[in-house]
């Protein structure tokens, strides 16, 4: 009758929370979200419960599985690596099969620096004056993609390639142009007018990008 | 005798600078860029030379000329209205002919609030989870487009329509998806793979958007 | 048996919380506060519960009721339009009867751009060097009021006038000088000294602005 | 004939500038503006020319001269103490004669913490809901005035009093309500309506605050 | 008997929350954390429960007790003075016995302005180019320590000395070099290599700074 | 002969400039500093002169030369890679010989994410409560060092190791504890008191770190 668990639960809750922190300028050293409630409140683990493992991420040692474009990415935001919470940074591992493509996309909330770990990668971005800056990068080279601008990459070497991207936001966001435009329910006439395509052409594009 | 080099030097200098300004937190009441040198240095007019007209913009009383998509916009950033410099805001007047379309686009550096001055406008945006939020807005309604997300509009009424958009950046930037993707020199193979189109289809799209 | 204290505790909790504050730089696409608990915790609705109506505001199609100064305003901050939460913008509709006055006031947390929807409006602000920048604006003109500076408006035309103001904060705040200074309990002697008025004069002013 | 000094001047100029820094988040350790050109360009002294004296201010050891309200203040922004440039802080020394008053005012760009160095000071602020928070502070007590809110002080002790105020902006700005409202050229009718005063009363107030 | 609704309510609550966003620019006048729950949620007191005492701190009228280095400090962050919450400032009172030393330390999240209330204090900082800026300050002088740089102080007068420090963060943080480096469990070999000391010398230093 | 206009022009220029305002949020897509004047003014290259190479850095393909601690680092801030200007990011390549040590240090203006490119590296940081978080990282693991906190690394494997660090500032700054404390001119007595060492011990440490 008495919801005993709830009492226990609330008591624990009352005792193990610490404070809060904000981004971009943190107001604490760090703020590890409490895993059991991270889906409800913005709350930090009591610092005595924080361990070194909260600040280490081991999930990008190996590439992910390639998708149909010969591309695989493992984005690591504060959602999957809570130690990044309030610290204003995150990162991504991107792997490219031969000819693999990272489709034109942008991050609404961050600049990216992309370091080539392996391979030869055609890499570029478009500025808001519609000028393309693109070049083939080699292992050890770094390219910067300014905040919010459309960028893209393609493996132009003869073997798989890998990139390590870093972001100046704990959650940079990701908008992939093809699926955002053709894989969502934007009115057909609007897309026809916008791209100068007929209904069949739009329908064909939609088929590819609307999730089944 | 005449310091010729210096003249040359200054002339070059005057021609090849672009301009900068930062925000959100101003450290002065305002900073009207000095018009004669705004293209060279980041500098403010002496306050005694500032007049009320520096803070007023009169260029959006009337619509601009419609382009091929039945759409016309007059963006007013700090470049055309210097009084906005350091103040973290700017705006745009957008006019739509019947069926006119504002193609899918985004602003890399600002949220937008769009107020319908006249007409009925289908209006929406796509979030980074590829979900569309779209609806027909009537005169007097306001829609918010979150920072950096793709949005679009179409006049679905029987008469011209007008929108007043406001931004929380003095220079929000504008990336129009169709021309940024198909009107620039991104490698053809990359676009083919990214959109699942063949070379003829890409060529057709390019023809429309690459400036002649 | 029944954890009565807990019920009481939660009820109090629900009633005595106010709100929270943060950002220009969002870390999510958007964050619609959960309506049932928005008064207790800063929490976002699950994105699957968010609808397009969360991003549209329809409450400023018509003017509000004029007050004694022939003025009416409908401020729309994140409090009344939760879709603005974390997005760094808000707005206001202001209507002026003939001779109507928007008294000298300022917004502690935002710059304002004011667009004249209708009418002729004398409009201005005072900088921190006590210089006034004021002029009569016509329909379609825009004036910018820098962050935190005192500004004011008066309908100087022969018919009602309307302004749409936009702010670069989700909650700009509003301090109306007459009521903030004379309508609150600031020590009488301090006001006498500050304004060089005698006790009767201060008393007269107070009568007008202290809420009954 | 040859403007030799100018050549020398430019050469020096080219050699002794270092970089730039921004506020609130600096991008250098510090940036001491170059005194000879501080009025033209935002430029930092070459670090080798920076001395410890650039970071020390000695001008508030003694009070300033009392004005007619029995009040004297020495505001120290980055304008008078260049070492504060880009560091996001500044301060003020305020001295009060017996009954001296610091008139209702606000700082558009900063929160203030005010520490009582000497005396008993009635001190308070008005929030944007027109609620006054005021109390008599004693030596050693500290009051915080939130960003952009109207605040005021009066010496209510029997001897002079002193306050040290600190700000979280290198240039907080200062708007004194009486002179900003009545000492500037705001249209008379607007003020009459706003304060419910007749033309003689407004004229009387204006006389006091308009600089002669 | 069983508060069924509450269980349901909490379960829903646990499942439907998403995330948050923040920043140093406040979006309310102030936000006094609710004392009974401040350790659990980031929540503000209902403004009707806020009193003037929430904005006043009276705990630094007198010096604290001197420690072994002849130094005593009372840091006042938002943790001990909740009225500072969201307002971006905090402060510290530091007292020095004759020869008292404030060991080399830094604040990871703030610039500091230090005002000498009493005494003669040798005071300085080291920039990131390893240059020291140090000097003896007298009563009434102010020194600024740029954000994140190592600084230090020593009473070089014949009587006790006092400093009032102000910070542009509600929680600047404090890292004391000797204890952070030698009083923690950093691997011995690393410290030996880093400081060029042998194991006995490191052991001696550790003994002093590792808490017993 | 005498360029009179230029003199007049400069004189006017000198007299009519006022000030500036800034922030980390960029207001342009990018801003490549003009190389010939980057040491004088904050100015961007005309966008037509910007090339893709401005956004690519090729200088960290190979390790630098090891110093006496068996450590080598190539920090890449906006100073050496101008394309980073205004974009809020930078990076570093760090190489470790066997037993090589990156001495305790911190970055005053940035969080760091460190990715292990090769080797086994003992890596850790100290929070402001003097707690150490340290562990041996393997190839492909990432550790985050919160903004402004002291951190350190040592190669504990049998072969050279390499790390790629990323920062959320274009110029994070670097303070190496041993040289900042013992290699600068901080008063000897202060250091003796601070570290509990005698004059010979301090002298020995100084010898190691004061540049000859």
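Observations, loosely collected:
To keep things simple, chains are lettered A, B, C, D, E and F as they appear, and every chain counts its residues starting from 1.
We adopt the following convention: contacts are C-beta pairs under 8 Å (C-beta built on N, C-alpha and C of every residue); 3 or more make two chains touch, one makes a residue touch a chain.
Everything numeric in this text was worked out from a predicted model, so none of it was measured.
The set of chains touching chain E and also touching chain F is given as A, D.
Interface note: chain A and chain B, two copies of one sequence, contact each other through mostly matching residue numbers (shared numbers exceed half of all numbers used). Taking A-E and A-F together, the pair of chains sharing more C-beta contacts is A-F.
Note: centroid distance chain A to chain D, computed from Cα atoms, is 44 Å.
Chain B and chain C have Cα centroids separated by 27 Å. Note on chain placement: the centre of chain B and the centre of chain D lie 37 Å apart, centres being C-alpha means.
In chain B, the positions touching at least two other chains are 1-3, 6, 22, 24-29, 41-43, 47, 108-109, 124, 128, 131, 134, 146-147, 149, 173.
Listed in rising order, the residues of chain D touching chain C in the complex are 69-70, 99, 101, 103-104, 106-109, 122, 124, 126, 128, 130-132, 134, 146-150, 152, 154, 173-187, 189-191, 193-197, 201, 205, 208, 211. The residues of chain A lying in touch with chain E in their complex are 1-3, 6, 13-15, 17-29, 37, 39-43, 79, 86, 171.
Against chain B, in their complex, chain C makes its touches with residues 24, 26, 29-30, 47, 50-58, 60-62, 76, 81, 83-84, 87-91, 111-113, 115, 117, 124-125, 127-129, 131, 133-135, 137-147, 149, 164, 166, 168. Residues 1-3, 6-7, 10, 22-24, 40-42, 78, 108-109, 169-171, 173 of chain A are the ones that touch chain C when the two sit in their complex.
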